[in-house]
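Dumping the structure here so I can ask a few things about it.
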Amino acid sequence: MPYVNIKITKEGATAEQKKRLIQETTRMLQDILGKNPQTTVVVIEEVDTDNWGIAGETITERRKREKK
Amino acid sequence: MPYVNIKITKEGATAEQKKRLIQETTRMLQDILGKNPQTTVVVIEEVDTDNWGIAGETITERRKREKK
Amino acid sequence: MPYVNIKITKEGATAEQKKRLIQETTRMLQDILGKNPQTTVVVIEEVDTDNWGIAGETITERRKREKK
Amino acid sequence: MPYVNIKITKEGATAEQKKRLIQETTRMLQDILGKNPQTTVVVIEEVDTDNWGIAGETITERRKREKK
Amino acid sequence: MPYVNIKITKEGATAEQKKRLIQETTRMLQDILGKNPQTTVVVIEEVDTDNWGIAGETITERRKREKK
Amino acid sequence: MPYVNIKITKEGATAEQKKRLIQETTRMLQDILGKNPQTTVVVIEEVDTDNWGIAGETITERRKREKK
């Protein structure tokens, strides 16, 4: 019955990678907590780098700094 | 004062349908819990079928299987 | 497949009322969007009145004002 | 360590405004609660006006009424 | 930078199990997406079985049925 | 109309501090984006340190290390 929400920045995750995230999250909840995979829901949200902040700066700014 | 977040897959819900979801959710909270509709907030999020998983598979995969 | 999160203040909603919220939300999504009730998940969160604010004041303060 | 999720309607917030939201939220949590800014995460979500309801009507409808 | 929110019913998950969920989620995001574990945040929420519904019934009801 | 969800670890935030978080968040959204404070909702969630992870460890573990 678990519900898992994964938020990541929108930086090119592929359909294949998202499929794996869903598979592995579902398996992990079965392995660790014995949760029924049939009712495990995983929702991935991809967020624009302008809309994500850490340490008071946006990811857009951080990526620029990192490239320098 | 309630806050309701409805997440559905992005599969063509119309503006009219979303309007009805908002109306009925607001009324339901007034009917069952006596909540003031003036401050009831409803937010609908539509999620790409690649980003939604149940039972360890994405909705994209599930829809393909269903069509077969 | 929908996932619905209902946040309300913790002010005495009964198990019976929460049961009705879950039933009606699930039915509403079937009626309006044709969603399969078998995989509709509803999670209710009850939040302390000190932790909920509207219009810049907590619900604790608002309830006090209303009683006067 | 805080995580802050700010949901607003998609009505033209600029990258500059979102940067300020992230800066000020991070600083506020440091000022009021002494939280370490290095691990404060802020995620802004912009929601279509058709998908946001208050008082049982969508923001799309409300904006139309306000213009009249 | 990912943020992961895992919601489960409050049915006795131990501190040890929650520790493993956090470790494995963090590792999974590094393995699949190359995300930096230093800024990966995982928040687990345990929800009362009266407050969680699937298929229109609460988990409290479902558990009772299952025991019969 | 904004909705803001602030998640922090449950480590003794006072009612007074939470009141200030609500006031300042509401004012910030008015200052930066011109949002109407009357319909700004802020919900604070306090999460057990066993249930919050960063960098693959729980806050409970991190606090122990910091004390050494």
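Odds and ends about this structure:
For clarity, chains are labelled A, B, C, D, E and F in written order, and residue numbers in each chain start from 1.
Everything that follows uses one rule, which is that contacts are C-beta pairs under 8 Å (C-beta built on N, C-alpha and C of every residue); 3 or more make two chains touch, one makes a residue touch a chain.
Since this is a predicted model, take the numbers as computed values, not measurements.
Ranking all chains by how far their C-alpha centres lie from the centre of chain D, first place goes to E. Most remote chain with respect to chain B, judged by CA-atom centres, is F. Shared residue numbers account for over half of those found at the interface formed by chain B and chain C, and the copies are therefore classed as meeting with the same residues. Between the two copies, chain C and chain F, the Cα superposition rotates by 120°, quoted to the nearest 5.
Centroid to centroid, with C-alpha atoms defining each point, chain A and chain E lie 14 Å apart. For the pair chain A and chain B, the distance between mean C-alpha positions equals 20 Å. In chain B, the residues that touch at least two other chains are 1, 3, 7, 21, 25, 39, 41, 43, 45, 52, 54. Here the touching chains pair up as A-B, A-C, A-D, A-E, B-C, B-D, B-F, C-E, C-F, D-E, D-F, E-F. Residues 1, 3, 39, 41, 43 of chain B are the ones touching chain F in the complex. Of all residues in chain C, only 7, 45, 47, 50-58, 60-61 touch chain F in the complex they form.
For chain E in complex with chain A, the residues that touch the partner chain are 1-9, 13, 17, 20-21, 24-25, 28-29, 32-33, 35, 39, 52, 54, 59.
The residues of chain D lying in touch with chain A in their complex are 15, 18-19, 21-23, 25-27, 37-46.
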